[in-house]
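We call the chains A, B, C and D, going by the order they appear; numbering starts again at 1 in every chain.
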Amino acid sequence: MITAGIIGATGYAGAELVRLLLGHREVEIKWYGSRSYIDEKYGKVYGNMFQLVEDTCLDDNIEELAKQVDVIFTATPQGFLAGVLTEEILQNTKVVDLSADYRLKNVQVYESWYKIEHKSPQFLEEAVYGLCEVNREKVKRARLVANPGCYTTCSILTAYPLVKEGLIDPNTLIVDAKSGTSGAGRGAKLPNLFCEVNENMKAYGVASHRHTPEIEEQLGYAAGEQVTINFTPHLVPMNRGILATEYASLKKIVQADGTESFPTDSQIRAAYEKYYKDEYFIRILEEGVCPETKWVEGSNFVDIGFQIDERTGRVILMGAIDNLVKGAAGQAVQNMNLLFGLPEQEGLQIVPMFP
Amino acid sequence: MITAGIIGATGYAGAELVRLLLGHREVEIKWYGSRSYIDEKYGKVYGNMFQLVEDTCLDDNIEELAKQVDVIFTATPQGFLAGVLTEEILQNTKVVDLSADYRLKNVQVYESWYKIEHKSPQFLEEAVYGLCEVNREKVKRARLVANPGCYTTCSILTAYPLVKEGLIDPNTLIVDAKSGTSGAGRGAKLPNLFCEVNENMKAYGVASHRHTPEIEEQLGYAAGEQVTINFTPHLVPMNRGILATEYASLKKIVQADGTESFPTDSQIRAAYEKYYKDEYFIRILEEGVCPETKWVEGSNFVDIGFQIDERTGRVILMGAIDNLVKGAAGQAVQNMNLLFGLPEQEGLQIVPMFP
Amino acid sequence: MITAGIIGATGYAGAELVRLLLGHREVEIKWYGSRSYIDEKYGKVYGNMFQLVEDTCLDDNIEELAKQVDVIFTATPQGFLAGVLTEEILQNTKVVDLSADYRLKNVQVYESWYKIEHKSPQFLEEAVYGLCEVNREKVKRARLVANPGCYTTCSILTAYPLVKEGLIDPNTLIVDAKSGTSGAGRGAKLPNLFCEVNENMKAYGVASHRHTPEIEEQLGYAAGEQVTINFTPHLVPMNRGILATEYASLKKIVQADGTESFPTDSQIRAAYEKYYKDEYFIRILEEGVCPETKWVEGSNFVDIGFQIDERTGRVILMGAIDNLVKGAAGQAVQNMNLLFGLPEQEGLQIVPMFP
Amino acid sequence: MITAGIIGATGYAGAELVRLLLGHREVEIKWYGSRSYIDEKYGKVYGNMFQLVEDTCLDDNIEELAKQVDVIFTATPQGFLAGVLTEEILQNTKVVDLSADYRLKNVQVYESWYKIEHKSPQFLEEAVYGLCEVNREKVKRARLVANPGCYTTCSILTAYPLVKEGLIDPNTLIVDAKSGTSGAGRGAKLPNLFCEVNENMKAYGVASHRHTPEIEEQLGYAAGEQVTINFTPHLVPMNRGILATEYASLKKIVQADGTESFPTDSQIRAAYEKYYKDEYFIRILEEGVCPETKWVEGSNFVDIGFQIDERTGRVILMGAIDNLVKGAAGQAVQNMNLLFGLPEQEGLQIVPMFP
């Protein structure tokens, strides 16, 4: 039995980790960390957990925790883990960090987008970016996993094979992403009140959202060159779900007969198949089918569809995930499974809930 | 491995059965029956099932099906099963009926509330009302289980111990119930359109809803007398969840000192404990806590809270369920587990999803 | 032109006052009071008002304000107005108070339900309870109007004629009320976050909600005796709207032939007609029609339906309002119209918005 | 008093016309046309209109109607008006068509995108595209107004000044649009059921939506050249509102000092001011403010914001409208005001409703 501790267990991502780990046969949660609810029963903070979790919330002493558990999940604000992580902790335990602290390799990029100083850049090199379908082998050998962001997981996986295969020009990529409101966290802020979000829709963080450099870095590795994109997040009146609609210009490729032309529908599909054929959590939808966020709700799936527009020479890619599962806690569990040599799907074979 | 067939697999209750049975280790679905989608892939009718169910939908030949599977679930309109059920079918298989055909013992009551003729009243006597927490032993020996209605499951279980113990006057019972819209089914009807339901709320079926006699019959057994109640359902702009708010006058009881007085808070609680202490799926909330439908979403739990109003001598009971799970498919699986001697929680240990 | 000041202009009720008064031909708003947003542009606090309101928010100096405007609306927390109101203010201006400070005549009842000391009980006698359809003539002569609560407006108007005419036993009255979330105000509190309210439903304030004594007092006047009722509010995932479902035992009345029996459908309807026939804002729906909150959205209407249940001898009453309009700002404007001798519908002839 | 007839009065756009015209001082509705509800009371089809409209629905005899009223609104399926319009009708009355029949000047484009034959192409030349802010003078002299589509109104007005001024390359334009569900109409179709739309989001009509050529044609006029764009609509779980997020590459312009560079923030703003400064219904938001659909709900406003992304050389434009008002019925009324020489804002000075 793997023992786990969660720091930040009372945020939405932390609570989703609890939900998933309670259904995981190989893990026992030993520590429900929460600064805001110390000594309160976890089942009182989250009524859905009543009688399912009898523990009370504990303060976030990560050094002590590292000695007690096999893995620590940090579902904490940016800067927290970077401020407390030590070599000793990493010698005692594995860490899966759901914050952005170790996602970007370049500390200047981190500090310029997040507007905070990075307190432990010495671990940036070692940290593995935990996008399982891309970095599976590296994750298996890691001590510190930087769990990808919600928007980024969806945005990258949707475009990755086409960038990797050179079928689109990555610098023409525009990601128009829409997210349910749980992505905004459980903080009591006016813009997240029911009456402000319901029956409403807006863009935010336009040309400045912090997930932008994360997408650019990862797609840059795939492209083999630096990539600059547009990323625009939107807030949608629903609890869960991210839909990323992505636009990119097709690149002409050399066809079998030696001529150059735009990739066909089946060539696009073949690229997806090449990378995702054996990926349980990625479902390439049938021709003409557009993904719906509800089809992945509660699950770790990524649903992907696409449509070529011959009139403009662009391809429209669409990816859908549950932001709290594949976009946070689910991918964290998937990473944990890799870290401990468990079957990758363990605890994650959840049938999406509809309606 | 138990083999199962579902007739009416493409309605919301049928689809929820599929979701639950896919996560059940002892069952294999052999037949996805659906008149409306014959020969279509199930994973196309429900996009969430894409790649999880590869079967196509079949017509509803129940006689043939009875020879092939161990259990048949009928998630069909009222009158369907009553019109086709035969002794031969029941000799070949177990049947869990999610419709109302065998819930009411009195055929006249059925025909007067449902406005249709009952075609096989000869099975009414044998059918067991599958409210597991009340009729567990009978279910175990049954061939035909009448799976309770969604409103009724919630309404009855919330009041049952107090009626049984004589703490309330059952004829003063008023059940004001609120349901998510999945209870209205997947039929393409104008009143169920998004724009008609969203940002809206209404009562319907006032003083005439068909679940009324079902509640009355079952609480009548508990009371040992005929019971007449008010039941008012309401449509709420949410997908899932039923909240029943119930009002009843307390009955004076003889206290330890020989005087007569109204039951106290702890006496009410003791009554709930007496009947539900060992019931995994029933959670009696702590004092002052009101159940929320979101706390049971996706799960088979029934959450119950109560509050005595000394000013009026009434007690207010509140029960919450997921209408598609404990109110339909979950209870059907619970009944199936009982029928086949499986652990009652098998396939149903689902942590409610929040948010 | 009547000049008006609003204290508490940046809460939801205050903002609704602004919306309605901007469409009122006889009123000009001179003062947008808001402690939280002093010196901020009102059109920035509420983006819908951009370019429609150019004023900035001001502090709440009620004495000064009273000298400048003809009418002050206070959309403030309980206790505010009671703490600052003086005879001098009332000599300078009219006051319509949207808080509960002057709704209850009995100061002990106020203090026991609201848990705060009443600082100016000397005005309780003079204050007129501004339920226009019931107290129209008194309002016309008032200096201080206590604008009724949202739940209470709906609950009282729905039952009033039947209580007044002795057709129901008022002490059997049970009001099960459901409200959209704007009733909870614009405070940044965790329970009002989108993800906590959406796809969820719950009762709250069971047997303890502060609108209870207000309903009891007003229905007590109608009944000519003290009345004790049950009132249970619920939170519904929608922005606006209150639906009150009310249950009461019918009282036998002497019929034309000298016998005693329960009132008929047409006798109930006649009672409603007697009191509301000429009331523009009250719509008695046709037989068998249940009110829907969406049908009154954005308007000052009260829609009422009813259904006798002969099986139980009870009648079920249903009333629907927009909580921010007839339940707050709309009724405040209606009261203002009465105070100043304007046509009662001025500024309030709004067609409900659907969908 | 202008007399008006509505053909298709019971769809959502038709019902919105009724709502707006009831609040218009110069118009009287004489004809509520509805094939589906002939002889039914309009106030029964739409409960919000109970007691506000006493008329019953009539069949759609447009020739007869043309003799009786000053203006006919057709809120009908594509192809209806083209199939019945005659010169005689246009000699008797003005027609504002909310369908797409006369929006595209090129009949081949119409037939290829709409897949139906155009039955009266002889009126295409005469019909005026009723985008009031662009074609005001032409509308004033028209007999037949083609009221623009909902997506198109929002998409075009948001980009128009920048295209017209040559600040962006129109062929790089990508419009990612999100719409509330009322845009899908009141037809009882499975994909529009509450449980299918709620808590869900998807793209549809990707690279094939019929509003694409309409946007292209109008922006083509502004650009002075043929324009080809990407347009992707999405369905959002809300009743009303369209948000268009638009991406385009900036074009270098000659600056005052003779050098060439990308337009600045203030140059973009100046372009908007040039065309919209005096437009009451268009609100250019302050720097850094993103439009929210809720801020225009129920009103005829178009809210526009923008953000330059210097990293990619693109500008992100955001426009928000209420699809049923400025996107349909409101603009139709605005067109009617122009046709009859009324103040353009008459009946449309509606304060947006929030929340």
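In this text, contacts are C-beta pairs under 8 Å (C-beta built on N, C-alpha and C of every residue); 3 or more make two chains touch, one makes a residue touch a chain.
Keep in mind that this is a model prediction, so the values were computed, not measured.
Enquirer: Starting from the Cα centroid of chain B, hunt down the chain whose centroid lies farthest away.
Expert: The chain lying farthest from chain B is D.
Enquirer: Looking only at C-beta pairs that count as contacts, which pair of chains has more of them, A-B or A-D?
Expert: Comparing A-B with A-D, the pair joined by more C-beta contacts is A-D.
Enquirer: Counting only Cα atoms for the centres, state how far chain A is from chain D in Å.
Expert: Centre-to-centre distance between chain A and chain D: 38 Å.
Enquirer: Where does chain C touch two or more other chains at once, residue-wise?
Expert: 12, 182, 195-196, 198-199, 237-240, 291-292, 294, 297, 355
Enquirer: For the complex, which residues does chain A have touching chain B?
Expert: Residues in contact with chain B: 12, 15, 18-19, 22-23, 44, 46-52, 182, 199, 239-240, 283, 285-286, 289, 292, 294-299, 303, 349-355.
Enquirer: In the complex formed with chain A, which residues of chain C make contact?
Expert: These residues of chain C touch chain A: 12, 181-182, 186, 188-190, 192-199, 237-239.
Enquirer: Show which residues of chain D lie in contact with chain A when the two form their complex.
Expert: Where chain D meets chain A, its residues are 171, 174, 176, 178, 180, 195-196, 198-204, 206-207, 228-230, 232, 234, 236-241, 243, 245, 247, 290-294, 297, 307-309, 311-312, 314, 316, 318, 320, 355.
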